[in-house]
């Protein structure tokens, strides 16, 4: 039934008046879709009349085209001579400097048993990730001050460890929105896990399943919600769904019904990212890569480097509201409110609701009044507003100023968590559990599913050890009196 | 009509008893002017009997000689053989190391679309500026502590961002002394823009016009007030005039009438610089340049380096009061007071009056009592008194101790502003707008008018984004509760 | 009587079903002992059927085998040809890079008279210690923050020195649990001194004797309690015994009776280490050594490096409770309490009791209520719970919040002490004396007994000098008013 | 009359039973003096039977031998052949590495007009001083924390500059104990100026005279009180005398009478140095020099380096009380008290009395009660008790806690002052003037008398400029409201 096309024919549809692209040897007419592409038309037009697989694949769930393009625009297949030409071109393509670097790093990465903590994992990940992927994962707003402070802030909290207590039996488990978790940690929502590892979010799902923790899937995951659900060890393995609410209520409701049907157990509405933050490391990545290749070519008329992609063009612009990218504006809901959006959300789902991105005491109070089930104190890993307070500081402020909030809903934090002691500090101050995003992205990028499992085991060991040394045998025994915010700044670690 | 002179004839007038100089192939007798030169006689005598164009041009408005030298001292032209000799000399002159460096830097500077923030612009400017120009622009008092702290201070202020607010429509505009500005930023007064770019302050005027912000022109600009007025996009484009009041009231009044006639819309009286600060980087520049050339010459009897100019001789000494430079003392008014100078200023102009250089709460209160329209909390970019408090700290103190001041006049700050978030912090604390000096000097030095426009657009994008992420849709919604002064010191950025 | 065995015969018993090892040319059957080895079976099995002397010797007191292995398992001697083969193998073994480095460092270490302070000693020790030994001595929990902060904290305490006081006669002596000490310092308990010097804890005993200070012997010393007692200068030289209480009360009581019989003068019960901390530097040491050797071999098929030992396998696992090392769990008492353990301890000994490892005010109060004679504010040199407060801070808190504690028991601190001024600060705040662990390990490692004596003399000189300059002639004149906790952070030393 | 001796004859008196030394070609019998030498016998015996000129000269005033050795021990002259042999030896001696370095540094030091501030001077001095001299000048107690903090502390004090005040006429002069000073600065007492420059303290005297400031002469100066008095520009030029009180009251009284007769105008009793601090940089200098020479010799049997002197042996031990140097104990008065020593001092002199070395509020109050005329808040430039508070902090505390002290006596500070703004901060907080020690030592070491004058002029310029920019026209207008102690730490200067 399906027609097949030659490269030559396809190449003629290389403009906004007729724009065809090849993805995995299939041919699509995206002309009419151009104005609706959340990432803008520009990035698609770069591949008009050409193969777009390499750019498309790592940052889109496989069902994206089905969802967004009518079947009539699925034109057919690339013919076999075209397919073999593309494959040949791909095989003969000279590796970029960055690809060579990554291959070497993969070859020399340490065995997992030498990975003692989450910093070790991150170090490996920074080696084996492509420049582009690392720039996307690591980037944060402006000068990355808030990102750095998220972690730094924990170093101001010290313990008052209690001794001579019975600690032979220690139980680090807890519940999160009523669901059991082996340790007070969940995988926080992050985008595009496939950038770091071909199996992407499936690594996280399987790792979470094997260690009995909960995964929160991002709207911007590189696998679809159903693929991630399918990757679970069993249908009872819990998943949460993180939602970027589109302006269109119906669309949002449909999305929620879809994940409900897939067995997701909570809706986590992101409230700190109606527009995307200013992540310069990410924006700068293509310039840097280009400069790198230029330098390698030595300026002597050598082969021109492949045009580096700007991951952010596809990615960030869809939620980028700075006035120049008109079309993307139409998607995100910039006018959510406590008084309207929360009741609406309650009306469309029976699942527990968590707000992700509460950043001050006042909004924690409003959230409690709005009756949500939980809040995730988070500044989006420092990727949104520079100089947003570190979540552990916001948590501390709620503890000081409005401890009643803890009675009304469950409080979580994410951002900057690296050690079991970080988790324990948050729990002492009132958090039910702690989310971790980048660390798990790094773990799956460096070691796949095994990396995720190893990361959880490290945290479990650190948490159990820390509870024993604090004199606590269950999370309920972690109390504010065990933590003190000191007035000095510890020296930076000299390891 | 005009006589013409040979180089030989001119060369005989090379002393304080008869001192002629050539500027742009014209010959002037400055003998009688020597004691009146605000920069001292010494710097002129260095060029007595010789061509002074290269030293004169970048630091004097073109109308300077007309204003200060009677027509009778405009002797005539350099003859054509002299002019061609000078040109030949100029062409054959070996470039200095610094000139070579600047040319190379100009060749490799990045395209404007890779400039993501104001730090990027400064980096380029530091490369392409001459050593001398950079020393003048970048220098600050003593060990430059206050200069550094101006910027550093912002890092102690964090946000309490508010979420779930309608932010689809955001308006960053404001008024400054009653005049509209597209964003809450104005170009603060700085001297000698021509040191960095041949078009100098005209770049600022056109950039401000294209982005609808206000330029405050310095008394020590390298273009005249009328030239800058003429450079505007339209006669309605607003300009402010910054005044260093001379001792002679009549002279000052005449200057004010002149700029009023040119359409300037406010008088900004500088109060923090009756004498010039101790800017050692600037003073040291000629020594450093000399050492650089000496090193290049290798000590082997090579060509002697051109004698480096001390830009500060012309510039600083005129307001330098340390007792050794008598003549310049006669110019500046060292005895201004709130009770006499302000009423006098009111009596000579109907324009709004802003005081630039208020540095403590007590003087802010006095200014309010004196009835001025606005104050600019400023320590002159750290160029005057070392250990003057950062303006954002003074603003914070006024907010804490005397919030009534904000009701009585408009408060502005300048110094150390680099990011949209810096601007938003100031506005939350009560500032109407924020002045920026060096950043615009750097922008026009690196990229001319386009650099100025790009800088404003960056700031606009950062401000709009920041307002959305703070949950504010207009400057009036930026309130003190959104900002907190933290008690720790963020880590330095590791970008 | 004793049989002798050939290497060949022994080599056949190389598994968990029959496991023989050679130690100092004697043959032992440890098959049945494997599950009881506090360090786990794995480390023994590594040497099954082989010579284990080099691994065994530096980390076990010589009476260990006698105590733990029935005589029937002392099989006999290695035959003479086997012994000479082992010796030959040992002699012909190529030195590792680390051994070569240590030899060179030993050759160039400075004479003792150029050692001016304890930092100098540590510097030498860091040079002359093996990588493995240094990793064990220097390691601390997690990122070693608490370890670093222990020392760092002292820099926040400044003096109010008093002048014009009679200070010709100064007496720095004090009593510790009623026993005289020439200066207010004792040798705190540390493990495995033989790792650093063949004479191990005997160096400490003799050094303490020669300078009239008290040594506290660790349960994990590498010499037995009786050997250390025998190393004293005289039977009246005081020793304290530090106890890790095993779960079995009878075993603990027997241990106490043993040291009482040997003349030990106090029981110091460690309360901060029911399980071992996470000391990554130590765990990482074998990987690092291996990488070092691999690098030296150059990857060209050179001789394989000797498999580096993990000191922690023998050492840490015996108190490591993280759930994977089941057998060791059975030894330590994880369920000690103030209300049960202290009364029990009182019931089995008449010696004074000190609790080592109190880390907060609340537990200091509980200790006072429990009626112990002294508490040692200590976080185990930062080796247990990361982010435990520095002991000097805990001391300061007790002084501020519960000064009555000082009336009820004697308070000591250890951790981070390096200078006489550190000691004086602690005494001003209420400590009776100060324990030092690592510094004495380093001293004996670098210079043996002479190093210990030199270290004490340096401290004595610094303490006497400091007392004179403070205006105090005895420890009782060191009062809280002489110390102030400042609110700034001194610059790091630039020596 | 005077006998002459051969080198051979002298060489036989090379032991403690008969000890002769040659100084400037004169022969002395110091056998009986050995036990009385304040620096200990050991250092003299090193030169027994030999020429000691090079070691003796830079650290003893010329009248030392006359004062301490009976005429009968002045044996006579070295004979001419001996003298010429010594001279030859001196001339042919190979220069040490350090001497070569110093010569090169002298050759390249910048002209004085390029010296813009006191840091510049120190930089030159650090280059041109011998290792030994620099070690003595720069050294401070222990890890030099207090020394560094003395300067660092000023960076926490910021100004509230006042504008719109009449500042055309500014007078920076003040009085110190009733004596006029052109600026509020005096030369604080420091030892051994001849180590840095052959003219030593005479440079300071002439520099002070030429700039109308006051010099405080140290008991340990390398010129005698009469030589310094004679070096003045006129008999009316004021000098203060700093006294280390010996135990013997009569001796002290005689010393005071002597300086009174020479016209000294105040007695400054040092109270913070009954024993010398632990200055390790100084003690370490000979080891370092030796290592330097050894390295230069390359270990190939080259010429042995000259035995480096320990300047501290002569110098420090005389006031070193740590129990090993018995004889020196007999000299210093370790039992001074407010209630006995001050009345006694009043009884022996009518001159104003200042106490140098007050380090806390309590002692400032006691000094006021004891009725002295002034106190110098000082910690001896950080050379005595490590962790003594910076003087500017003590001054601030007095201002906060006991401002009445300022009404009862004059308060001065020294330590860490480098800039005019430092001086102004101290004056705002209540100091009458500020002492500077090392900066003037460095100035005379680098540039002799001209360096001292230049240093004062720099300070004068900075003070006058600072007063103008603060809005103060006389020292009485410098008030506490103009200074604020901030709660953050400025970034280190990046010049």
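As written, the chain order gives the labels A, B, C and D, with residue 1 at the start of each chain.
In this section, a contact is a pair of C-beta atoms (placed from the backbone, for glycine too) under 8 Å apart; a residue touches a chain by one contact, two chains touch by 3 or more.
Model, not experiment: these values are computed from the prediction.
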Longest centre-to-centre distance from chain A, chain (CA-based): D
Residue-number overlap at the chain B/chain D interface, same or different (half cut): different
Intercentroid distance (Cα basis), chain D paired with chain A, Å: 64
Intercentroid distance (Cα basis), chain D paired with chain C, Å: 45
Interface hub residues of chain C, defined as touching at least two other chains: 487, 489
Chain-to-chain touches, reported pairwise for every pair that qualifies: A-B, A-C, B-D, C-D
Chain B residues within the chain D interface of the complex: 142-145, 148-149, 152-153, 156, 271-272, 274-275, 277-278, 280-281, 283-284, 287, 321-323, 329, 334-338, 341-342, 355, 357-363, 366, 379, 384-389, 393, 487, 489
Chain C-touching residues of chain A, taken from the complex the two chains share: 110, 114, 116-117, 119, 155, 157-168, 419, 421, 425, 461-462, 464-466, 468-470, 481, 484, 486-491, 493-495
